[in-house]
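Take a look at these structures.
Note that chain A is present in both complexes that follow, paired respectively with chain B and with chain C.
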Partner chain A sequence: MAEAARIHPLAGRRLALPGLSLEPCPPAERLSLRAGEDALAAIDEALGLALPRRPMASATAGGLAALWLGPDEWLIVADEGAGLAGRLAALTGIAFSAVDLSHRNTAISIDGDKAVLALAAGCPRDLSPAAFPVGACSRTVLGKAEIVLAREAPARFRVECWRSFADYVWNYLVDAAKSA
Partner chain B sequence: MLLIHCPYCEEARPELEFRHAGEAHIARPAGIAEISDEAFEAYFFIRDNTKGIVFERWRHIHGCGRFFNAARHSVSDRFVVTYRAGEPKPELSGEQVAAAAPGGKATPANAAAGVNGKAAR
Partner chain C sequence: MTVAAPHAGANRIAGKGRLSPARTVSFTFDRRPYTALAGDTLASALLANGVNLVGRSFKYHRPRGVLSAGADEPNALVGVARDAARFQPNVRATAQEVFDGLIATSQNRWPSLAFDIGAGNDFVGRFFPAGFYYKTFMWPAAAWKRLYEPVIRAAAGLGMAPKEPDPDRYANRFAHCDLLVVGAGPAGLAAALGAARAGRRVILADENAVPGGSLLATNEALIDGVPGFDWAAAVVAELSSKDNVTVLPRTTAFGYYAQNMVALAERLTDHLARPAPDAPRERLWQVRAGKVVLATGAIERQIVFADNDRPGIMLASAARLYLNHYGVTPGRKIGVYAACDSAWAAAFDLKAAGVEIAAIVDCRAEVPTDLVARANDLAIGVLAGHAVTGTSGRLRVRSMRVAPLAGGGSREFEIDCLLMSGGWTPSVHLFSQSRGGLAYDAANGRFLPGTAAQDCICVGACNGTLTLEDALAEGAAAAGVTPPDAEETASMAGHLLGAASGAGPRDFVKAFVDFQNDVTAKDIRQAVREGMRSIEHVKRYTTNGMATDQGKTANMHGLAIAAETLGKDIPEVGLTTFRPPYTPVTFGAIVNHARGELFDVTRRTPIHGWAEQNGAVFEDVGNWKRTWYFPRPGEDMAAAVNRECRTTRQVAGIFDASTLGKIEVVGPDAVGFMNLLYTNAWDRLDVGRCRYGIMLREDGYIYDDGVVGRLAEDRFHVTTTTGGAPRVLHHMEDYLQTEFPHLKVWLTSVSEQWAVVAVQGPRARDIVAPLIEDVDLAAMPHMSIRQGRCCGVPARIMRVSFTGELGFEINVPADFGRAVWEAVWERGEPLGMVPYGTEAMHVMRAEKGFIIVGQDTDGTVTPDDAGLGWAVGRSKPDFVGIRGLRRPDLAAGGRRQLVGLRTRDPRTVLEEGAQIVADPHQPVPMKMIGFVTSSYWSDNCGHSIALALIDDGRARLGQTLYVPMASETIAVEVTATVFLDPEGKRLDG
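Right after this comes the complex of A and B.
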């Protein structure tokens, strides 16, 4: 029987310039989590991390990252094989929604002193350290694509985008990087 | 570019993240199947289209995804105040209205409430 191999949408791409590098992030498990206030305590316990309750906040623990996207919405990212959906499936008696987005999204890591300059070519957000510090995250836009942007280190960002937008976002960032 | 204060994200964000979503505070009549065609037309199609301060729904679609309401000046495009969906229409002071009008200056008071007539960097 033929085996279908999964192909990373940005397989083999890489860009390294002085002061800036672009790299596709490895495949990850992702959940879109929607939950009300009353469900959060149980979900915190099941995930082993406290979901951030404040706008733009993120939390990481045990290989998991939880990004606040809206008042009742989080993006949970974990390494492949973390079994996120299984951990939440055991919860009963509370209402919430957890949708697996592992293969809908892909991510790009942009690293270096010029990362902010390159992102600013397409992202209208204020990315100064005061307005968007390490640990901050939000859904926003890059050019014509919607992205989730997270600042993982002073000069390193994770850009999550839909798989079908990956080529567009990658090329946009490459163009921006070359002129940054 | 306008900066629009999102009451859920609690900060001013670039206009590209937002979508306009029509006039605010339009209540769907109870017993919608029983009302007359004229009443339905008035509810469904007829909008005030005021020249001046308008109350509108906006959606932070490329952000938190939430709908919220805003008071905006339809000539200057300045936002006077934004507030969460479900909250009552705010009373605007004459000072706020004047500041939002064309040629008006955003004051510290309305800047704190999320007014942004100024361009982003």
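Right after this comes the complex of A and C.
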């Protein structure tokens, strides 16, 4: 059977202003990974990446990013086809939870000199390079929406949110970008 | 004396001030055109043009002029516009910068500012005493709405708000810094500069357009050998060039909250003639500061004497600022009434600029000899130990009456302007908002910052510091650096609190304490005589300090007069609370981005677009837009819902259930956790099967419900109500973290991972089956769940039914939802399937007696009350709510229970919420025994149906009860809750 067509929640959107661009990130595989300390070594091995153990830290390896969201919680984001669930399915005898969130979340890439100012219109976090360096990530808010924010480059951030909040988050960033 | 070119204003003095005479702008005031200089405030421009009458007072409609030169202005409130929609009432003319094309209008006068009918209030003023409203407008109550309120509002008001929607944009910014400095006067600049040079992150906010604070008013101060104003400009230039510093002019710190969160309002375009169309008008800053330096300065007070409010009477420091910064003199023959040294400096500067000074009247018997010597040098007459006991002049002051304090005859001086200084009130507003304690300094008649409650330090005049040298030293010390050298001779010593000579208890005069709310010394005394003892009561009774200026010039005088009348010391009478905002803040700034589509989040399902294209009407469920019904051309809601209900039961219906809350419960202790959170027993739920679960609160009442499927030994797919999804997850997480932290189980919201296409009806299997791979639908029993594929994508297929029909809910990854929905639609439409919305869903579930939590339960309904006692695992040792259920009143029989109702007339549809009685003939008030929770017309049943919670309801089956309505009393029969297919045969198609 022909596979059903996939429709991105922000399909077709794009914004380019002087000093700022916004675009939807391509579809990705995502897992919510929950595990205690005892399970981490085995999971690190299965993923081929050392899960970050420090708050707000992230780690990347082989097309995979692991974002620390809590003492026992990570958001794993990988390119389409990475087969995350399969890699973890083989693990037995350890207690953890891996739940597919590939479609629950969507992401927006915000890039440019004004990115920090646009985000600061709705995000109360300190986004200075010292407090939120490249590689930092955090579950936080943008206006009334919960987001996961990750700094991928000095002037580029990834904003993850639930798909039905994407329209609001996008519009908020556009409004903020225009007044940044 | 030379006068500048006439277009700059007749009161502009050539060679004075810092504005360029070459740069002129045009504006209008009450439709008359005027010319100003770029950099003028509306107040300085009006004064330059000889306009002294700018407003009418709130209660008595007395003519008023400009009192001050800053944020403390109580009188000069005007409407300012650039076009019809961009109109702002109650703007302080002293804070509004003039721009080319500005349109200003006076307020609170009719028909004109010079001739105002409302001024009659002034002559009958004795009939408007303190507490007038409390005493007069008491009865009849009906008169409030029709007579009193409209009349009062029209007669005693501020400006009118525009009726058009606000066309401007507003913005917000969260910011973090090591040091937030509020105030760009000498102390604030010294602190900011020290911290900036040390590489710390600094935000410097000042409410004025030009930095310098008190340095703007003087030409005498030297800092590091240069004039103070130039020093300030150089410091700001250096700060602005640094990456670690944000300099915010035109920015008022208006609120100081917990943990050093300070709110700032930045005015971005109100000073511009032609702002960029997309530029935000204002920006709200929410600053989290490591440390806050408050350098907010001090506010000069008036002197409270008879008729101290005539146009042309102003604060001495304001006149000095108008002269030295704007090059404007407020008069040509000026009297000075001083209780403080600083007023003398104004007189000296004006005299030196060629303005005649009628006399310096100082109520102090002893004044510093150097001031007297300088006055003598400048040939200014000095009357120490004297008081101004009255003034004349209707639309502008014409004379002052001066009398010796020791007694004796008074003299009249002809003047056109009177400057006064009752001393300085440190601006402790923000410090007090931060919960810092204030200490009374009796020697100087002022409250000073005491113990700080947050990491915050006060420097300069707001800390009571009187000299430039000390202010700079305090500012520099706050940043841990050495202060610059300072030279200044001006002094701020001396003060007078309360009523001055001639405005005492036996004087029947209007000596204003609060200009904006027209509160006089007499009113304060009367409030005390009528029993007010606390300053908080005096304030509310007289409205002293309750106007938009929040009593910046009034509060200390009011307090002093109340204390004197009570015979108490000032600290015993107390100080009113300082509340944000320091100055008025627009709603636009507070709301900022949250307008229009950003007012709140609108959540739409992946299938929303299809529903929209197919004519769906939507309803709001929380933040979700849900399809309510799908009317066909010519159909009203009832017809559409009836058709959707009929067709679903005859053929099939397709329903977007994507908004259902979904939680994945995973871990070796998943089943143990489920046992604790739900009333049901989950141990014996096989993998691949589903069960209807009920969740209670600790008190034993139903909290939520939903179908739960077991995907694996250690994995459950839990569904919740749409509205309950977030709180159910929080409830579960709360118990997991606090009560059951030993369990190895994790909870993840997957509500939006899965789009849910529900197909219900006898043809459901025929429609869905061809699209499904890896799952044998025919082998799926009712209440089962399978993982397979639908339309080639991974799917969780549940055989469940909220309609009582054969039904499947196909969960697919959300991005595929639309395509899968369309594929199912393509299959089903030729067979006669219809899409249905939430209304038909509600009707069909009620036909089956299925409850909706929150509609048929109200937080006081147990599972047994709802007829769901079977879902409680009686042998379970523990679950949330088990102890609540054992409370005697919850375990007792005869509780209010859910039953069905049928109206005697089958076509009558009851109102949801209607009350139910056993005997309609009993006297009113009748004993209510329950109420209707759900009520619909059921086309499938051919009669109306209702669910109701009724006392001992199940014992009343078959009884006739009554629903009394306004127009009729409706007889109803108590029935079981299931109206259709009680045997459940339809579940098999």
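Simple rule for what comes next: the second predicted complex is superposed on the first by the 177 of 180 C-alpha atoms of A that agree within 3 Å, B and C clash if a C-alpha of one lies under 4 Å from a C-alpha of the other, contacts with A are read in each partner's own complex, and residues count from 1 in each chain.
As a convention for this text, a contact is a pair of C-beta atoms (placed from the backbone, for glycine too) under 8 Å apart; a residue touches a chain by one contact, two chains touch by 3 or more.
What you are looking at is a predicted structure, and each value in this text was computed from that prediction instead of being measured.
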First, second, both or neither for A:A90, with chain B first and chain C second: neither
Chain B versus chain C as contact partner of A:A5, first or second or both or neither: second
Partner chain(s) touched by A:P124 [first = chain B, second = chain C, both, neither]: both
When both partners are placed on the shared chain, which of chain B and chain C touches more of chain A: C
Partner chain in contact with A:M56 - chain B first, chain C second, else both or neither: first
Touching partner for A:S179 - first (chain B), second (chain C), both, neither: second
Which of chain B and chain C A:T140 touches, first, second, both or neither: first
Partner chain in contact with A:R163 - chain B first, chain C second, else both or neither: second
Touching both chain C and chain B, counted on chain A across the two superposed complexes: 124-126, 131
Of all residues in chain A, those that touch chain C in their complex: 1-9, 27, 32, 34, 36, 72, 95-104, 117, 120-126, 128, 131, 143-145, 162-165, 167-168, 171-172, 175-176, 178-179
Residue numbers on chain B that touch chain A, as the complex places them: 1, 8-11, 13-17, 62-66, 120-121
Residue numbers on chain A that touch chain B, as the complex places them: 55-56, 69-71, 73, 124-126, 131, 138-141, 146
Residue numbers on chain C that touch chain A, as the complex places them: 169, 171-176, 201, 278-280, 283, 286, 288, 592-594, 597-598, 600-606, 623-624, 664, 666-668, 744-746, 748-754, 771, 773, 789-793, 812-816, 818-820, 823
